[in-house]
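Some notes on the structure that comes next.
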Amino acid sequence: MKTLLADALTIAGKDLRNEWKSKQTIGMMIIFSSLVILIFSFAFDPTNNTVKAIIPGLIWVITIFAGLLGLNRSFIAENENDSLTGLKVAPIDPSSIFLGKVLTNLVLVTTVQIISIPMLFLLFDYRFHGQIIWFLLIVLIATIGFIVIGTFLAALAANAKNSEMLLPVLLLPLLSPLMIAAVQATRIVLEQEGIADAISWLQLMVGYDLLFFAACFFLFEFLMEGS
Amino acid sequence: MLELKNITKVIGDKLILRNFSLTLARGESVAVIGPNGAGKSTFFKLAVGLMQPTSGEIHLNQAQIKKKSLLLQKKIGYLGHESFLYNALTPRENLVFYGKLYKVKNIEEKVANLLKEVGLHYFKDIPIRSFSRGMMQRLAIARVLLADPEYLFLDEPHTGLDQEAVSLLNRLIEERQREGIGILLISHDFEQVVSVCERVLVLNKGRIIEERQIDSEEGLMPFKNWYEAVVSGK
Amino acid sequence: MKQPSMLMDRVMYALLVPAMFISLYLIFIWSPIEKQMGASQKIFYFHVGTAWVAFLAFFVVGYYCVLTLKKPTESRFINAGISAEIGVIFTTITLISGMIWGKSAWNTWWTWEPRLVTVLILLFIYIAYLFIRKMDGAWERIAKLSAVFGIIGCINVPIVFMAIRWWNTKLHPVVFGEGKNQSGGGVEPEMLLTLLFSLGTITLLYVFLMRKGIEIEKMRLTVKKAKSKVIEKLAS
Amino acid sequence: MKTLLADALTIAGKDLRNEWKSKQTIGMMIIFSSLVILIFSFAFDPTNNTVKAIIPGLIWVITIFAGLLGLNRSFIAENENDSLTGLKVAPIDPSSIFLGKVLTNLVLVTTVQIISIPMLFLLFDYRFHGQIIWFLLIVLIATIGFIVIGTFLAALAANAKNSEMLLPVLLLPLLSPLMIAAVQATRIVLEQEGIADAISWLQLMVGYDLLFFAACFFLFEFLMEGS
Amino acid sequence: MLELKNITKVIGDKLILRNFSLTLARGESVAVIGPNGAGKSTFFKLAVGLMQPTSGEIHLNQAQIKKKSLLLQKKIGYLGHESFLYNALTPRENLVFYGKLYKVKNIEEKVANLLKEVGLHYFKDIPIRSFSRGMMQRLAIARVLLADPEYLFLDEPHTGLDQEAVSLLNRLIEERQREGIGILLISHDFEQVVSVCERVLVLNKGRIIEERQIDSEEGLMPFKNWYEAVVSGK
């Protein structure tokens, strides 16, 4: 168990240090999320007042689409020189690869959110009403669920030749309950004072996170096994 | 002692290996040769745990190995068709990363020594993206040696190497063999087979069809003729 | 081995054809016309039947996925795939019949009502599963990957349903309950009987299609194996 | 000139026949576009009436996101066995590769639109008011522009390791004038009777198409040239 | 007659080829050998038009070739490190596709003959995705021969092939040479070099450092020794 965590940290450390050197993935994710905001502002006319009602939705649309880019990368990058096989033959538990990648992706997507969500508020001139701590909690919990299932499916999709197309097709349907919960909870917490109305959504998300984390953690082994 | 007993492997509906048995003692060096698609690489993948055999057993030092075993993986160094290295990292970083995964003690020192040994000392802080094929292969070899494996599985390690790199590789193999490491080598290059190995297995259509000692004085041509006779006629 | 299964097919076929005619008779002639919706309510029998089979097929997929993970065999792998394919067809029929009905009952092709959205998501999960099966590679590998996805997908279905229900009841707390009682499935005994009979018929149809699909798939595999064997012989 | 067209048709024919056999790319594009609609419906509460105002925008958001998947594929698929080099050393004008790929992508994206736009109308229960012929014309012209510049940039991005991330980052900014024009023209033609108000947008799009087609056609050679 | 005159190539700020000159007559077969990274593949890419030389001229039958020339490309058949084939297509479809691009007459008939020649006749309607490396290489060779080129540029065509495929390839090369096609071959496998080629160039660090006729009776060892002497000491 301890070595499992240590190995996961080693793998995440390698990926993050790499990313820190090049800043390619994170940079493109941030630019992409800004571009999505841009596209939306053309498509939906931001001066229109009703558009502010869609801010909670936009937060998650941006997170998911920018996140997809990063998730795709995380296992495709391991195809170069077939280094994933290198990890498979190393004396480590396959689950530590999963943990390591979840960690990396979590850091990447959270960083993107830290930049793109304030930008969204700014560009659409949105005034924040709710309590920031609850907002952050909801964003974090939903993001964790997204990353867990996303990383798992990215590993699955990476086996296909056209994995960059396959990933969204696999991920988006499975993500829908989380999406609904996240958008609703975000809306409630942005518009109202308390968290009371969002509690059941929060519970749903926590349940989703735990359930899928457990399932993915144990099934990941099968993804790494050769035939 | 590494033993593979009656290994059979079916992928899809294709019988790729049938009843394959092999014993590799420490300090021994064995070559596996055979035509394209004979199943050589598949046999390696089975041995290093990348695939599970359809039937048959693997024993390491008399203990049977079940499914994915960290013990087995730590004792075997596997050099595949690809290098398993990260292009964005430097040689040092690559080796340190793998060293951590293999729980190697004294990593930094060991890495420095290995890099000297394979002649990449001066390039140790340059990302390997710009390396030539030969340099990459050298680093891949260093990666395999890093964890002090007891058995080395080398799948066509000589492809694309020039003469100098080939002799470096051969020297390294011989050194390790003298230190008591068991070596398995796949190659289409019979010259290297003859100069490195003591014993040779010929694999054809998933079956071992012949096995013999190599006499290093014998020379290349007789060996080739023997191989051709074995594969075609018999 | 072959004889009993042929016999089984014959028996099923002999049962299925009359059952279909009987249910058509029950649906269109015997059962009364619903007062509020009129003749368009007849679609109800197909609609509910196919929806039931869509879910059934999905859980059959899930069942074979678990088995495949335990020990991959070719027949488990094929069963899961055929069930998924039939599931896609029935889900599509549910959607289309529901839409046609919706057009006449609600005067809209689509509304974001929980059951509808759940079915839509179910369809997407099925399709995603089929895409994984289409990947190229050895079948053991594909079997494992698709089984893993099938399991995750199965876990997801109840959560989807729950989430969507909450989502919508917040907005229209009445829609769901209202829809349920309105057509009054339980009120008239003829209707109930007709419904049960057509449910049985459609389930039988599913089983029959499964058997045929599996048989055809296995034949296809046999032919493929024989073909590659012949080619290999000729070439060498 | 004639051989240029013939070669383009040969290349497009090869791609389309391939696609016809596997139906993978087009299938995934269609599913992806439906999933985007689904995600949007969760994000933006479709029962809300104001959402109907964003239908014109949605049409283009869907086209662009689904199109990106196909565009990405068109040159990445040629990396397998390095077959793009095979085309480069063949005695054909490089521009015919461009034309062939534009043709393929146009067929793919138009097919996706034929399915996803009616579905969009259906799912959001949108009642069509304008004249269908003008609507189709606008969609076609904007799609051509999108495909021309998209194919060109896909060829450029394909040189990078992380091309699937690079393409949207390159493409979306260049696309913005076309996007604005397309959304505005679509909105006008969907809501009003005539085409009169949309004429200037239409002119802009036609100009954009011609300009970028000429530019891409002549510059494509440089993309295919080795260093 | 294909002539490369004083070709120099700089990539980035690295001088990869300097003052490279070569004349290849029809019916001649020339080998280019040298260590990893010497610039052999780069020279091929220049000749087939995948790169433009920094300075120097290429003449085909006394006429100077400028930039990308369809004429030159049609006359040269280039076999690179990769096969340039489409995995989703069958061998027949692959060849027909390239045949159309090369404006080959009588495509269907020619393709059928070629497939027989390389021994893939029975596999002609199976997508090549499932082909082994050797089969793929055979099809790649068929692709090159399809357009009846006047010059053949083969970059390490023997890598990964087993003995049978190697001899098939050598036979094809010799046949074409007798038909008057000029052949250029890059290889690290000196055995094939000696058995196939008449003349050899040694390239090192972008320069031709030696050029000589090959005496096929001479045998492998003397050739190797000669090469080593040339590359290292001189």
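Order of writing sets the labels: A, B, C, D and E. Residues in every chain begin at 1.
As a working rule, contacts are C-beta pairs under 8 Å (C-beta built on N, C-alpha and C of every residue); 3 or more make two chains touch, one makes a residue touch a chain.
Chain identities (UniProt): A, D = Heme exporter protein B; B, E = Heme exporter protein A; C = Heme exporter protein C.
From a predicted model like this one, the values you see are computed outputs, not experimental measurements.
Common neighbours of chain D (Heme exporter protein B) and chain E (Heme exporter protein A) under the contact rule above are C.
Note on connectivity: the fewest steps through touching chains from chain C (Heme exporter protein C) to chain E (Heme exporter protein A) is 1.
Farthest chain from chain C (Heme exporter protein C), judged by C-alpha centroids: E. Chain centres here are C-alpha means, and the one lying farthest from chain D (Heme exporter protein B) is B.
Here the largest set of C-beta contact pairs joins the chains A-D.
Between the CA-based centres of chain B (Heme exporter protein A) and chain C (Heme exporter protein C) the separation comes to 50 Å, rounded to the whole angstrom.
Look at where the CA atoms of chain C (Heme exporter protein C) average out and do the same for chain D (Heme exporter protein B): the two points lie 34 Å apart. With centres taken as mean Cα positions, chain D (Heme exporter protein B) sits 27 Å from chain A (Heme exporter protein B).
Taking each chain's centre as the mean of its C-alpha atoms, chain A (Heme exporter protein B) lies 39 Å from chain B (Heme exporter protein A). Within chain A (Heme exporter protein B), contacts with two or more other chains are made by residues 80, 161, 166, 169, 172-173, 176, 180, 225-227. Counting partners per residue, chain C (Heme exporter protein C) has 121, 124, 127-128, 131, 136, 138, 140, 167 as the residues that reach two or more other chains.
Pairwise chain contacts present here: A-B, A-C, A-D, B-C, B-E, C-D, C-E, D-E [touch as defined]. Contact residues on chain D (Heme exporter protein B) toward chain A (Heme exporter protein B) in their complex (touch as defined above): 24-25, 28-29, 31-32, 35-36, 38-40, 42-45, 48, 50, 53-54, 56-58, 60-61, 64-65, 69, 72-73, 76, 80, 161-162, 164-166, 168-169, 172-173, 176, 179-180, 183. If you check the complex, the residues on chain B (Heme exporter protein A) that touch chain E (Heme exporter protein A) are 34-37, 132-134, 156, 159-165, 188-189, 220, 227-228, 231.
Residues of chain E (Heme exporter protein A) that touch chain D (Heme exporter protein B) in their complex: 11, 45, 48-52, 68, 70-71, 73-74, 76, 78, 80-89, 93, 97-98, 100-103, 143. Note for the complex: chain C (Heme exporter protein C) touches chain E (Heme exporter protein A) at residues 136, 231, 234-235. The part of chain A (Heme exporter protein B) that touches chain C (Heme exporter protein C) in the complex is made up of residues 149, 152-153, 156, 159-161, 166, 169-170, 172-174, 176-178, 180-181, 184, 200-201, 204, 207-208, 211-212, 215-216, 219, 222-223, 225-227.
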